[in-house]
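One structure follows; several queries about it will come next.
Labels run A, B, C and D following the written order; every chain starts at residue 1.
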Amino acid sequence: MSVDTLRLIVSSPDQPGIIAAVARFLHLRGASIVELDQYTSEPSGGQFYLRTEFTIAPERRAGLSDQFATAIAEPFGMRWRFSDARQVKRIAILASRADHCLVDLLWRWRRGELAADVTLVASNHPVLRDTVTGFGVPFHEVPVRPDARDAAEGTLADLLAGQCDLIVLARYMQILSGGFLEKVGVPVINIHHSFLPAFPGAGPYERARQRGVKLIGATAHYVTAALDEGPIIEQDVIRTSHRDTTATLVRLGADVERTVLARAVEWHCADRLLQYDNRVLVF
Amino acid sequence: MSVDTLRLIVSSPDQPGIIAAVARFLHLRGASIVELDQYTSEPSGGQFYLRTEFTIAPERRAGLSDQFATAIAEPFGMRWRFSDARQVKRIAILASRADHCLVDLLWRWRRGELAADVTLVASNHPVLRDTVTGFGVPFHEVPVRPDARDAAEGTLADLLAGQCDLIVLARYMQILSGGFLEKVGVPVINIHHSFLPAFPGAGPYERARQRGVKLIGATAHYVTAALDEGPIIEQDVIRTSHRDTTATLVRLGADVERTVLARAVEWHCADRLLQYDNRVLVF
Amino acid sequence: MSVDTLRLIVSSPDQPGIIAAVARFLHLRGASIVELDQYTSEPSGGQFYLRTEFTIAPERRAGLSDQFATAIAEPFGMRWRFSDARQVKRIAILASRADHCLVDLLWRWRRGELAADVTLVASNHPVLRDTVTGFGVPFHEVPVRPDARDAAEGTLADLLAGQCDLIVLARYMQILSGGFLEKVGVPVINIHHSFLPAFPGAGPYERARQRGVKLIGATAHYVTAALDEGPIIEQDVIRTSHRDTTATLVRLGADVERTVLARAVEWHCADRLLQYDNRVLVF
Amino acid sequence: MSVDTLRLIVSSPDQPGIIAAVARFLHLRGASIVELDQYTSEPSGGQFYLRTEFTIAPERRAGLSDQFATAIAEPFGMRWRFSDARQVKRIAILASRADHCLVDLLWRWRRGELAADVTLVASNHPVLRDTVTGFGVPFHEVPVRPDARDAAEGTLADLLAGQCDLIVLARYMQILSGGFLEKVGVPVINIHHSFLPAFPGAGPYERARQRGVKLIGATAHYVTAALDEGPIIEQDVIRTSHRDTTATLVRLGADVERTVLARAVEWHCADRLLQYDNRVLVF
């Protein structure tokens, strides 16, 4: 007897009885909870977050979402969504010249480590074309001329709209406008070196070396229009010493960047990331 | 309006509806769930584990445990216990000559980092007496003569019986018998270097140095009679290099040992550790 | 036959032959090199740094320093110093109310882990008096009133002048002036949380929590008058999650702070730290 | 004016004056020391190890090696070799079915992170052929039939002999005999999971999960005939929890394995690894 695996993600103002109501709703429809995790932001009067993964017979799925809306979501004032574990997310990757994050994602995808489909790669440079097509993934060059940024962004948005559930900026070195984010309408994950706000702008590794830092790192975050930095998904660091040249720091940084970005993408694809204010809960 | 904070720890054969039943039970008695975490060992036919922390009005606590037993625990075949967050656990620490784990625990306890009372320290050596009494904790010397191990263990068991909810072996260098464990009847947490089974017996750090290991570490575990090593609670490592002498390795090892032991004790005192076969779930 | 262990620390403009000259000088005086480490800041035209530890018969030490000055240091334009491993550094610790860094240093000192003497502790608060005197170390309260900062700093400088070779700020919450640093005339090591420059000012842990950071850390550095932050000696981090309250972050931060500060002090006392521009070389 | 970069690796019984003699020898031939690191195994009567990197004018290189042999190496009883930084090592990689270590090495090589040439890949399975040839590297299938192991090993040795300066076992699942090691005559680096000796044989990750370990890791080591495990080059770990399935452990293990192996190969190619008894010094 085959079963489907679904996920339910919920947030709402905290109040007693939410878990009981959700768990009972699922149980009465024959679902079997495999995982359930929750978080309450404050002891009282806070915000409530829940992620649960459950199995259910295919024939019991009809109307599940509507019934949940009426019986549970509305009374509790929830934001919520169901997600089918088998319907993997479609990922579009944007890159520039650096290949470390891009190749690491493509390679994990080919190994089956990402529960996702990489549907296309777009870049403002042609250099990574062969690398990408070698993985059997379509490559689109969308050049960005300084005097025609808006047009390029429009081309990119047209290319992406409706083609992906997630956009990953794998060291894509162009700034994206709020209008672009709105137009594509899907979450965007970015990776940057973790010196920010310490060394903004050009040459962060050279400046980190001059400052004599003992750790370098990387931060993966969701991209938002209103803020310089969106909500942090994951961070990690690696040790350095005075013997490391700037070139070595860049290489060590590349290793941390690809590891951190891969974790962020993996968690997003498994519906493990919930946003709360400007924070990300990792469930 | 004051509330009490309680914890409920449950394990049972997995079956649909457990979370719904537990959450509904608590909700109907006016409890408000603050934290809930669960684990299912296998997709189907496995073992189910749950820890939840909830607040409840003091006047609603009467009969809670009995009602839970009848309404929930028996039908589901659960092992379970309630625990009151305010009734902190009483800890007895056994030590020998080394002070690093002992002092770290006493110091965290004095800072209020451990939700526990350290009620006594016992040692087979007198050297740590002043250290212990300086913290205002009673110190008992229980010498262990090679020809009178059983008698010493009996003295120790008499001293501890009923006086503590947890025994911590903070580098206590005597082996404890199954009979002792049974007599004291409370969990026992031990810390050892993490080379096992690689370097059993005497001089593990010297042998690790000769082997040229690049990491040394520590493991905290529950003590059991039947097995050489009981269930692992926590592990960590620290880097070493060929420049480290054996003395340096011992010192680095001391730093890892005290960190790992402190985490294990803290988690135990917060009722975050559940045993499953020979494994420990950290909730 | 007893030998003395000395260290020689050298910096100079880089040029060929420095190591040959230094090593030959030591060899001709019967010294035996135990450790030698060097660093050249640039492939050519950079700055040269060397630390060597050597043993020498006591009767061969007479005039060593003068001969080195004439034969080696002057021709190469070196800055240099010899240091006797047996003449351990005298440390004065400044603290405020928080005890975690202070106690960790005192405890390592008592265990013999620091090749140093802790000669006194001074604080602008009386709360740590018993803790300090319990270690057999003199405690001086030097209150700092907002309207009499200069006077307090003068009192502190008088207390410290000539009494120590190193001042450690173990969470001392007062700013020290350039004049103070000049007057005491010894290196000063400080520890701060590693969010800087991200979360300067009050409440860094609360703000880190609101920002949803996934790592918190600590930085030990030398204190300088001219710069907001002096040269970095050591840094480390620890993972956090959304489940950690601000109080938990503060506690985790305390653990990283004391670890990082202890390493920095240990390295300084072993003459392993060389300053180069605004960087620290760890040898 | 162009210069050559050479490395000199030395080991000998410890005695005073070695560094002076080596440094002076190089200085008198116009060499300029860029890096020099040394290690003495014991305060007295131990073994001495030195690695130095220096630049020298091409026209001063003639006879360097012969002169060093006569003037320095023989009097001190040294084992020694010069190595030219521009003559990168030729690497042959052996793999089976798993691609994670292999692809990581090929990818780092293509990015220019390894100062080495990957000259060929051989495997006992055909599955990785396209992956390897996609990098422009020759792929050789050398099947190993249970009844013809010696023949297969002979074929492999013939293929490799004289074609490489280093053999890397990138999850090559066949045991190599002492005779093979002797015939190929170059160093061999292997990677294995770091549970050894804890979980030898089949299914180490499943058994680690059943044991409830909190860390998994990897060890890179030189392969020797006489010992089960050769000298350890590098080790690292990654955290796991009870939520990780065996499949997740295998994937986390793959990430640690490829990181650790890449570091070991990089250090070997930079002549940073010296063997001392059964230990490896990382300079």
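Operating definition for what follows: contacts are C-beta pairs under 8 Å (C-beta built on N, C-alpha and C of every residue); 3 or more make two chains touch, one makes a residue touch a chain.
Only a predicted model underlies this, so the values are computations on that prediction, with no experimental measurement involved.
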Numbering shared by both copies at the subunit B-subunit A contact, with half separating same from different: same
Interface with more contacting C-beta pairs, comparing A-D to A-C: A-C
Between subunit C and subunit A, distance of the C-alpha-averaged centres to the nearest whole Å: 42
Inter-centroid spacing, subunit D versus subunit A (mean Cα positions, whole Å): 37
Where subunit B touches two or more other chains, by residue: none
Complex contacts: residues of subunit D adjacent to subunit C: 16-17, 19-20, 23-24, 26-27, 30-38, 40, 43-44, 55
Parts of subunit B lying in touch with subunit C, wherever the complex brings them together: 99-100, 103, 107, 111, 113, 134, 251, 255, 259
For the subunit D and subunit B complex, residues of the former touching the latter: 39, 197-198, 210-215, 217, 231-237, 241-243, 276-282
